[in-house]
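Structures incoming, each one as structure tokens.
In what comes next, chain A is part of two complexes: it sits with chain B in the first one and with chain C in the second one.
Let's turn to the complex of A and B:
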């Protein structure tokens, strides 16, 4: 079990991490997700012991390891650049961590060969790293990280140098291995799709703080703030600024080009007293219809993209030409709309999210 | 297309040979001058007698050359080893560690490297005199190495910078201490840089004659360059023996030629500053 407690990290005057706390259970696959510069790699480096936290504690299995050198932490790590030792053959690369542990020569090569076979690179063992493709190098890096049966596996953007198709194969492979070995794994990534695909839990970071830590479903369905809502999902959630109007039992959202009546069954946080909110609606939670319905929003189609499985439709809200509020909608391919056509949108009341504009926190 | 390729290669060879001719010509002339007396028009091997015996010429004694060749090799290796032992850890520190005064120290190194060593000769002479180190190989080794080390630290730092941090981090995670990382992972990946520096150091030592001329008064401690300097810098009223100079000069050049044949592939990979050739 890994535990981070109030970790902060400062580089000179800039704060890279601020009061980060995280609990990771044995056997879990956790993704640290966020845009570049959010502190996810710094967190990983602190876990690896390559950086010392400015304050806070790191615990491995209940033992404080702040002052333990990386070599004594019993971790395996795959770097973004793979960092294979260019002067050693593949088998020597894989056996290197074992050599450092003074495992006997025969034993360590046997173990290295087993790992190589598990990762299906046993026919490459005599090659040098420069003679391998990107995907093969990635496998060698994985094999080297796993060779010493580490307690934890750390992956730093392991797939960002692979092409899109290979990425999908590799992430499945990583997940398969992780489940097979039951090894506690932490992956750093900026790709929300990758994080959702492999991880049991995702910690989403921004500006050095953990915004939300939970299962992929939780993050996707119940984002706690605007940042998480916008970061998770592709195409991203539509974000519309609007006024929050209370009229007896009725609650109405009114923004540029639209008015929307929140159904009374939807509960809102009682703490919220303000008037400025942000409406968030995922592209697949909006229906397009050609006839006006109750509580529907008029709009004009400005772009139709055929994605294959579905259509991505961009519409301008409002019934006049002066609005600039537009949203993206994913709809079935059989829906036949064309450029400039007038349509009506209905939002799934249960699936919308409402955020306080000031704090960005969710109030639904 | 093929014809064009063929003639293009021929052109390259043609110009390379053309550019080489003056040098080949000079070497041939050197050899001819050493065995042919222009005044008497006779051939003789007398100028090569240093190969077989010691002799005296116009009041200067010339010892037999082989112990001096040995001296040169020992002297060169000693300087190379000292240079590497100092420059590698220093360059590592400049490249990988953060310490107080690093920026200043780097600038100072640069100034030291650019400072003409010749202006320091008088002070060095006095320092060595007070230390009682005149006429010792130690003095020459120390001064010679001290003159080369600043630049070599600078160049090696460039090579260290080229080795990515990821590689070092990876080594640490795989169980290496900082020191183990250095010699098991980083150094093997900058061998071309280290051999370049070693070659520079050895060549520098090989060509070192001023310090030897100034600090060594003893014939048995001479190196080849000092031996050559002995003939060239004779007293003003004496006639310089061109034949002897060319003979010793040619002998002095041969090892460099052989050395270059073996090291040129390494040297070609290196540009000063540490990036590898394309």
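Let's turn to the complex of A and C:
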């Protein structure tokens, strides 16, 4: 079990991490997700012991390990650049951690060969790293990290240097291995799809702070703030600024080119007293209709893109020509709409998210 | 072949031509002239008769030649080993062991000073330190500690001083090259090694030194050639004395040609110098497995 407690990290006057706390259970696969520069790698380096936190504690299995050297933390690590030792053959790379542990020569090569076989690189063991493709290097790096049977596996953007197709294969492979070995794994990624695909839990970071920590479903269905809502999902959630109008029991959202009545069954946070909100609606939670319906929003189609399984339709909101508010909708391919066509949108009241514009916090 | 293609094909040669002419004038012709001179008895009378291998026979009969070759080999070998070892030490210390990058860089700059000094100034500096009179720096020190008589340093340990002075000024070149190579090892590789439990010793042996193989070869080969051919410092410091105790083959050739004006004989000696350093260079290439360096990488799929 891993526990981060109030971790902060400063580099000079830049604060890379601020009060980060995280609980990771044994055998869990956790993704640290966030845009570039949000502090993911810094968190991982602190877990590895390659960086010291400015404040806060790191616990492994209940023991404080702030001052424990990386080599004594029982971790395997894969770097974004793979960081293979360039002048050692593949087998020597894999055996290197064992050599440092003074494992006997015969034993360590046998172990290295077993791991190589598990990762299907046993026919490459005599090559030098410079003679390997990116995907092969990635496997060697994984093999090296797993060679000493570590308690924890730390992966820093292990797939960002692979092409799209290979990425999917490798991430499935990593997940398969993780489940097979039951090894507690922490992966750093900026790709929400990757995180959703492999992780049991995701911690979303922004500006050195954890925004939300939970299962992929939780993050996707119940984002706590605008940042999480926008970061999770592709294409991203539609975001519309609007005024929040209270009229007796009616609650109305009014923005550029649209007016929307929130159904009375939808509960909102009683604490919210403001007048400015942001409406969030996922592209597949919006229905397109050719006829006007109750509480529907008029719009004009400006782009139709065939994605294969579904259609991506971009529409401009409003009756008149000079609005600029547009949203993206994913709809079944059998829906026939064409460029410039007038349509009506209905929002699933249960699936929409409303955020306080000032704080970005969710109020639904 | 049409004109346009001819023009295109001839461009590289046109660009190279000026340098080819310069090389011819200042390298090929003097080299050929030296070879020709070595086969003549050209001397102060400036009359050159062809004597074939006469000069070379004379070299083998020269009673000075054995001690001089011995001095040369000692000088080259120890200078080489110490220069490479010392520049490695400096590079590893300042680039890897000292974690403060600015401090390491400052230290390297300090070590660059001797090599930026004009040769003459550098010799004067060493001659001052090891001045044989009681006023010399080294003598002041040893006499402060109770020695009665000043030491005639250059007479007693001339070759040692020459080697040390050469190593100190010569180490900075290798140091810069090695530092740059160490610096080009990605930071992540060190991090990976730390996670894998490697200690400094293992990092230096398994990661840094293998990365320095080709730079070390380069420095070793160029130093070997340079050391065989150099005589300036020795000439200014000891003139090869006492007797021939600090005379290297290159210096001997110089002295024969320009002090004794035996141009033919001097030329023959320098031909020997070239042959020896050529053979040693080939040997070093063998030793470093040079073929591997120029072999293309094997990248598949």
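Keep this in mind: the second predicted complex is superposed on the first by the 364 of 364 C-alpha atoms of A that agree within 3 Å, B and C clash if a C-alpha of one lies under 4 Å from a C-alpha of the other, contacts with A are read in each partner's own complex, and residues count from 1 in each chain.
Here, a residue touches a chain if its C-beta (ideal position, glycine included) is under 8 Å from a C-beta of that chain, and two chains touch if they have at least 3 such contacts.
Because the structure is a prediction, the values reported are computed rather than measured.
Engineer: On chain A, do chain B and chain C fit together or clash when superposed?
Structural biologist: On the superposed model, which is not a single observed complex, chain B and chain C clash.
Engineer: Could you say whether A:166 touches chain B, chain C, both of them, or neither, answering first, second, both or neither?
Structural biologist: neither
Engineer: Report for A:133: first if it touches chain B alone, second if chain C alone, otherwise both or neither.
Structural biologist: Touch status of A:133: second partner only.
Engineer: Could you say whether A:50 touches chain B, chain C, both of them, or neither, answering first, second, both or neither?
Structural biologist: The answer is both, since A:50 touches chain B and chain C.
Engineer: Does chain B (first) or chain C (second) touch A:81, or do both, or does neither?
Structural biologist: both
Engineer: With both structures placed on chain A, which of the two partners, chain B or chain C, ends up touching more residues of chain A?
Structural biologist: C
Engineer: Quick check for you: in the superposed arrangement, does A:330 touch first (chain B), second (chain C), both or neither?
Structural biologist: neither
Engineer: Touching A:100, do we find chain B (first), chain C (second), both, or neither?
Structural biologist: After superposing on A, A:100 lies in contact with both chain B and chain C.
Engineer: What part of chain A is shared between its chain B contacts and its chain C contacts?
Structural biologist: The answer is residues 48, 50, 69-71, 75-77, 79-81, 83, 85-87, 96-97, 100-101, 144, 148 of chain A.
Engineer: In the complex of these two chains, what residues of chain C are touching chain A?
Structural biologist: By the definition above, chain C touches chain A via 186, 188-189, 191-199, 202, 206-207, 210-211, 213, 297-301.
Engineer: For the complex, which residues does chain A have touching chain C?
Structural biologist: Per the touch definition, chain A meets chain C at residues 45, 48, 50, 69-71, 75-77, 79-81, 83-88, 96-97, 100-101, 127, 130-133, 144, 148.
Engineer: Across the complex, what residues on chain B touch chain A?
Structural biologist: 164, 166-167, 169-177, 180, 185, 188-189
Engineer: Name, in rising order, each residue of chain A that touches chain B in their complex.
Structural biologist: Per the stated touch rule, the residues are 48-50, 69-71, 73, 75-77, 79-81, 83, 85-87, 96-97, 100-101, 144, 148.
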